[in-house]
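Take a look at the structures below.
Both complexes shown next keep chain A, but they swap its partner, so chain B is in the first and chain C is in the second.
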Partner chain A sequence: MSGLPAPDPAPLWRRRSALAELVRWTGWLLLVLLFVVCWELMTREQIWAFVWDAPRQAGDLFQRMVPPRWSYLDQLWRPLWDTLNIATLGTLLALAIAVPVGFLAARNTTPSRWLVRPLALFVIVASRSVNSLIWALLLVTILGPGLLAGVIAIALRSIGFIGKLLYEAIEEIDPRQVEAVRATGAGGAQVLDYAVVPQILPALAGIAVFRWDINIRESTVLGLVGAGGIGLQLKASVDTLAWPQVTLIFLVILATVVVSEWVSSRVRHALI
Partner chain B sequence: MRPTVSATTAVKLRVEGLAKRYATGDRALTDVSLALPAGQVLGLIGPSGAGKSTLIRCINRLVEPTAGRVLLGETAVTDLGRSGLRRARRRMGMIFQEYALVERLTVMENVLSGRLGYVPFWRSWLRRFPPADIARAFRLLDRVGLREQADKRADALSGGQRQRVGIARALAQEPEILLVDEPTASLDPKTSRQIMRLLREVCAERGLAAIVNIHDVALARQFMMRIVGLRDGRIVYDGAPEGLSPEVLTAIYGEEDWSAAGEAGAGRDAGPDVPDDDQLAAAL
Partner chain C sequence: MTPSPGAPAVVDGPTRWRRPPLIADARLRWALLLGALAYLVIGIGSLTVNWGRAAEGWERGLRFLAGFVQPDFVSRWGDIQQGLTESLTMTLTATVVGVLISVPIGIGAARNLAPLPVYLVCRAIVAVSRSLQEIIVAILFVAMVGFGPLAGFLTLAFATIGFLAKLLAEDIEDIDKAQVEAIRAAGASWLQTLNYGVQPQVMPRLIGLALYRLDINFRESAVIGIVGAGGVGSTLNTALDRYEYDAAAAILLLIIAIVMVAEYASSWIRRQVQ
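Here is the complex of A and B:
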């Protein structure tokens, strides 16, 4: 031991300076304070007696909800079929509009970055900013209640979703493949067909199936505002306090979503 | 035997005073002039960033040159409008580093995409190419030894096979010249030599002139008929491969001990990989 040179004091290393550390901790402290204050403000109006009563109320509701009224199933097949149709037709309609919009919005395929691209992006943002249920509410007022309002509501919301994911996929393609096809003397449409479309097809299929899956879930509630599907039955049952029917509807929706989830994951696996 | 004096000395491609300045202000090319005679395979060497890729892309205007002219035969490529440029691009086959095949299309579709400049959109969209194009594509796949793979997807092939498809795609255009950008940059030494040999052979078979960007000085010495050295966007050497002395290499790449490279090149010259120059001359 004595032969070894005395080790230097271990060098000091800190990720941040003392001041930076202090600033960070103060930041966290302020965040916690903000949370406490907000909580206090939000719950000032709360009637706590109701909250303490909640477990008993929940138990009571649960007792009224079971067992499900299985005989009601006969009246659910048709609305369920309507719901699937709303989701599927809505997704197809959205695809027909979103695919061109996506090409117009992608930096590398848009005909004009200063005119067309902002317009396409606006369409996408406008569609994404409004929930399907709100679209349905508006459309039921305009078109009257029914499936058509549901299909269009689903489509309007999906255009933005599909358009956004699609234009991002288009912007991520390999530009060398595009360059190679252009170098053969191919025209604009041919470059899209031979160099761009093959590269985005798997992404597009994945996006479409994913959105279809989401739309099945969304279309189950559209009936709440009169836009057709199984939601109509749900609203009618809740309004008439027919809790065993509500339970059955929940179970049917759950089963449908599980099946659609399974289908969409199988399709996506097959495509990649 | 075809080569008369006028045929062999006819200039296929002429580049005059070409300059490229990017929007960032970087000068990629400055006053580059060269003439490419029919049947000549020209190697373009130089350090990374010397402007080799830019030069090749300015010729078919994948990159727009800032100044200068490009003449393909009698056609002033730099003066052409959109449709004229498309027709001129058909006459210049391009082969890329990393192949640039459309990965999800089949080998056959990739080869046929060389015909896109000749067929109307609806035919290419429905994949209904004229029978002559299909027959030509099969002949080319036979030539590069990939007929069995015609219906495989491009991404199922090995690197060497993909570059063969790239060569077939360029040849499907029935081009007058080939623009070749680092064809062997992602291939192993053996496959690189096979691809370079194939390139030389198809050029000889068809009397094609070619400009080949190449990184590897030994490969350039072995397979090129003429070498142009580029440094900082200017031509600093234009001559025979034998003239690549250590002084010339220093002028192109900068100071370095070139003796090892020279020996490696010399060693390979004696090896069995050397193309038979008499044979090539006869084919030309």
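Here is the complex of A and C:
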């Protein structure tokens, strides 16, 4: 042993101060408590026998679902075509409404910042906070079951999505181009046509195709509430416990979604 | 007519500027336009509308709109309260469980941390979870564990895994390598590297994403009730089936209000964290 005095033990490095640590731990503890309370509330009326039975049920279900009933495919082409129509026409209808709403909501193109803009923003928020399936549920009770309810439901949900992304794109345009066009003596409509629209057109096309892709997904299940498309067949098959048909419909929906995703990503790459 | 002596010489070609067309090939342009028109005609033609039924429904639509002016929160309050409790509790539990499961899967799906076999397995899990829609998953879970919020909880947790694991993996792949290297150079093990080199870089984003997913899960919880997975969606479905439009309007207003509050709260918390 050398005669040197032992150095003071350096204070151990810590990422946070003791207080910060305590606050964080309390936060996490509260979250855990909240989780436990919620879990208890949620499972108050749960019959656990059903849950312990689930693996057997799942195995049973799987056995019933395989193999898919391929012959049913013949009856699925028409609903599939309806589904595509719902998505496409719904997107077009939404575009027709969302483009003006987007222009009214953007800070730099709105005619009135205090009156029109909040109104347009409210339309966007209201449309976004209700799922298209709920819109469909409402419209079916009003219009009766059918494709039209589906188209309008898809459109109502898409207005908020397209409008929000569009007005954000409009607010980000290059103001110098607007100024240059205005300096040539262009009127308000001409400025929009020659300076604003060319700048947002690629973004708008991208948004529309992106939403179309989402709408294909959503329109496949709209039929569950009677709004047309392949979901009608799905509901009929589930309700009659025709599981081999359900499997086939799942496969068709999966293939449609994959194809539409591929198409939309190709189109978006070509655009941008 | 003879041109007056002072007139300028006639110029060949167009004298006015025109915008170049979007698609240069005129034939392709017209073909696309015609194709789109033909599709529109066929597509709109396939919408068979029963106008008699729609006229009948019109009166119902007006009653529904009237319901928004005078929503009825009281007479079905018991059902509404139960539906909302189910929705809120399954939203929270599903988000917590989904986040807990998606963290290891997200780490496994990040190419810079995981070896190839693990990466492929985790990416496959993400792909499966993302390609199945919530409502379809809900049908399957209802068939397995029976009606009620537990099926909804399982559905939302399943959907959360795909969403969060994918975004987390992309985040981890984008981190600053220098920090990881510095920690590793200090002699840290793999777990310590993860905790001190990676976790501080992705934690704010992860919290933000979890809150965003909480928001989405509540919206979805209002929908999956339609196929029997519990929540306020079942209550709404029942109200509409009974043609109780004022109660349905009350439920919708509550959903919109909660979604708005959740959106504001989560964006506020995200600003505090980042």
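A few points about this structure:
Here, the second predicted complex is superposed on the first by the 252 of 272 C-alpha atoms of A that agree within 3 Å, B and C clash if a C-alpha of one lies under 4 Å from a C-alpha of the other, contacts with A are read in each partner's own complex, and residues count from 1 in each chain.
Basically, contacts are C-beta pairs under 8 Å (C-beta built on N, C-alpha and C of every residue); 3 or more make two chains touch, one makes a residue touch a chain.
Quick caveat: nothing in here was measured; it's all calculated off a predicted structure.
When both complexes are overlaid on chain A, the residue A:L133 reaches chain C alone and has no touch with chain B.
Legend: residue contacts after superposition of the two complexes on their common chain; A:G185 is shown touching chain B, with no touch to chain C. Once the two complexes are overlaid on the shared chain, A:T43 sits against chain C while remaining clear of chain B.
Counting the residues of chain A touched by each of chain B and chain C gives the higher count for C. Shared-chain residue A:I142: touches chain C; no touch with chain B.
Of the two partner chains, chain B is the only one touched by A:A195; chain C is not. Within the superposed three-chain model, A:R176 lies in touch with chain B and out of touch with chain C [touch as defined at top]. Residues 31, 34-35, 38-39, 41-43, 45-47, 50-51, 54, 57-58, 61, 81-82, 85, 88-89, 92, 125-126, 129-131, 133-134, 137-138, 141-144, 146-148, 151, 217-218, 220-221, 224-225, 238, 246, 250, 253-254, 257-258 of chain A touch chain C in their complex.
Chain contact summary for the complex, chain B toward chain A: residues 60, 62, 86-90, 92, 94, 96, 98, 100-105, 109, 113-118, 121, 124-125, 166, 169, 173, 179. Those residues of chain C whose C-beta lies close enough to touch chain A in the complex are 39-40, 43-44, 46-50, 53-54, 56-58, 60-61, 64, 85-86, 88-90, 92-93, 96, 131-133, 135-136, 139-140, 143-146, 148-150, 153, 219-220, 222-223, 226-227, 233, 236-237, 240, 243, 248, 252, 255-256, 259-260.
Within the complex formed with chain B, the residues of chain A that make contact are 174, 176-177, 179-187, 189-190, 193-195, 198-199, 201-202.
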